[in-house]
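Each of the two complexes below includes chain A, the first together with chain B, the second together with chain C.
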Partner chain A sequence: MIEKGSYMAILVASTSHALRAERVLHMAGIANKLIPVPRSLSSDCGVCLRISREDAEAARQALEKAKVQIEEIKPFCA
Partner chain B sequence: MVVEKVDARGLPCPQPVILTRRALQTCDALVTLVDNETAQQNVTRMAERAGCTVRAERTAEGICLHIAKAAADQSPAAAVAQPVAASPAAGAGPLALVVGSEFMGRGEDAELGSILIRAFFHTLGEVTPQPDVIVFFNSGVKLVVEGSPVLPDLLALRDGGIEILACGTCLGQFGLKDKVAVGVISNMYAIAEAMLGAAKVVQL
Partner chain C sequence: MIYFDNAATSWPKPPVVLEAMSQFMDGVGANPGRSGHRLSVEAARLVYGAREAVTELFRGPDPLRVAFGLNVTEALNLALRGILRPGDHIITSSMEHNSMMRPLRALAREGVELTVVPCSPEGFLEPADVEAAIRPNTVMIALNHASNVVGTLLPVREAGQIARRHDLLLLVDAAQTGGCYPVDMGADAIDLLAFTGHKALLGPMGTGGLILGPRVDERRLRPLKRGGTGSRSEREEQPDFLPDMCESGTPNAVGLAGLGAAVRWVLERGVPAIRAHEVSLAQRLIDGLCAISGVTVYGPRNAARQTATVAFNVAGLEPSAVGLALDEERDIMCRVGLHCAPAAHRTIGTFPAGAVRFGLGAFSTGAEIEMALDAVAALAGRAR
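What follows is the complex of A and B.
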């Protein structure tokens, strides 16, 4: 489990995108957690995937390869 | 000091709790003998909530629970043992969160309900006020077993001091009793007491 600290949030267009992205990251062995979009990033009701900062590039590549559309990957502090 | 003995070996849940509670009404200290850990935990929790001290001792006969009313050990001023739920001085009692489903909210879309409950338990670690106790029953017990998507969150909440109760009847119904990964297997007495003794109950 990822401890508190600095993370990246993978923001997606819908919850179904989030679930697809979660499966892809899981298959790629990238630790992640489905969380509500942090208040600091958006006030919308939505979920995103939290990953550690060092996994950002690997996650982006894995998601691109699997053709999972993402909006952006943003840093945040939890 | 009157010391009574309750032999609760071989009795089904919640009999050990009922017999112990009944005996406590007429004596200051007693020994309850049980033969399994679930009964030990249930009796211990009930007694501690009633303001008693409990010391467990494993013997050849079974698990001996030495239960004493706090008043028997301490000053006469502490003579009346109050249930924990009724005791907070400031008037604000325990906050109970009850989870009766593995999904958050009601609706046709189970996937959505699952996403919501995962997001909820993540958020619970970051907001205040936090519940004093979380009670899982019906399909909600699926959240406290191995492989649960919210297990890491529940472990962190438990480590933060939140009591987690899971309905034993429900775990049995789903064949999950030996898969519990967080919390205490509880009977309806403990569950009803946690809910009815709370100042506020929040239901998902």
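What follows is the complex of A and C.
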């Protein structure tokens, strides 16, 4: 059980970018889930990737290596 | 029934295409990239899968540089109207389909300079003629990869090298080659690849797109349409990133689910295997037609230098009469007339009467070729 507030959200420009990132994270063995962008983080109506807080750095590196553009990685309370 | 109209639309489709589309309508059905719920994400994933499949097939740079649209016509309009400005010069060939010619003629009226390089009566284009047409204000070379009328393959790889040497963009219309002849954006130096799903990619109608190579700065590209994209929704301005900037409005997701399955089928079968099958059938068809007295075959008459699309006429008969007789008497579906390509017909010498076109496909068989040859021989005999 992941406790409340222990998530990070990877914000991306579009759903296509999110799916590209999802593929990269999956290959890197980082658990993730596509969720609607939490209203507290952005007014966007799209999706973002939810990962656990401890995976944030590994995710950032994997995405950078695969040249997937992301907007930012932000903590949020689920 | 013998279906020889694959150059217009391929038929039948691999069963996996129907299954993917049926599954989409039955089990997914939601709006891709809009809502964020499970079904919406699943729909977006299927669309993204189609992006990955076409990227793999055409050796594109990145699935996110695939801008999906309705067909190759829309893709060509996007590339031409999106990039060319008054005062720019563009070079094309005399073998183009109206999907290229009509947007170019319209742009020429708006101040774009156009050079149409003449091709030989077989439809061959001399790369040196393309290079000789370059001017200081040339920005693009735009060619079909193969003629939709006579199947002639154009030298896109050489054109790509010329484009690189002169810092121009190469736009290729792969309507007739995608899925049945190797198309490699990297090796062929293609900057803008326009494709359609409903021909040799074996997907449904209403699918296609433009793939932008790494040399194309998308900030130079003006979208054809603007509207909702599911991204940057707080803004009233169009997004400036791919693919969203070119994909406004709800897409043909059911079609793209089918396209993804179709391209996977093509990749599994392998383009070289499909090509080898079609070359062998096309050569037999060409040789058989050439041997019939009163039949004139147009184009290279050499399967290695063309796609499996063969155009011919029967002396003493209008193309339309041949088409009608083949349909009514022999159950053979083909296409007659000008094939939306008046320039190509002028080049091969069949304007304005046109020609009869047999467009073979991945599912055509040797037995069908023999039956068709028998039917044409009977018609030619009757017309003498």
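Criterion: the second predicted complex is superposed on the first by the 73 of 78 C-alpha atoms of A that agree within 3 Å, B and C clash if a C-alpha of one lies under 4 Å from a C-alpha of the other, contacts with A are read in each partner's own complex, and residues count from 1 in each chain.
Criterion: a residue touches a chain if its C-beta (ideal position, glycine included) is under 8 Å from a C-beta of that chain, and two chains touch if they have at least 3 such contacts.
The model shown is predicted, which means the values in this text are computed figures rather than measured ones.
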{"item": "Partner chain(s) touched by A:Val47 [first = chain B, second = chain C, both, neither]", "value": "both"}
{"item": "Chain B versus chain C as contact partner of A:Arg20, first or second or both or neither", "value": "second"}
{"item": "Partner chain(s) touched by A:Cys77 [first = chain B, second = chain C, both, neither]", "value": "neither"}
{"item": "Touched partner set for A:Pro36, first chain B, second chain C, both or neither", "value": "both"}
{"item": "Common interface residues of chain A - those touching chain B in one complex and chain C in the other", "value": "15, 18-19, 34-36, 47"}
{"item": "Chain A to chain C touching residues, read off their complex", "value": "13-20, 34-37, 43-47, 69"}
{"item": "List of chain A residues in touch with chain B within their complex", "value": "1, 15, 18-19, 33-36, 47, 78"}
{"item": "Chain B to chain A touching residues, read off their complex", "value": "111-112, 115, 118-119, 122-123, 126, 149, 152, 156"}
{"item": "Interface residues, chain C side, partner chain A - complex", "value": "32-37, 41, 44-45, 47-48, 51, 63-64, 229-234, 239, 241, 243-244"}
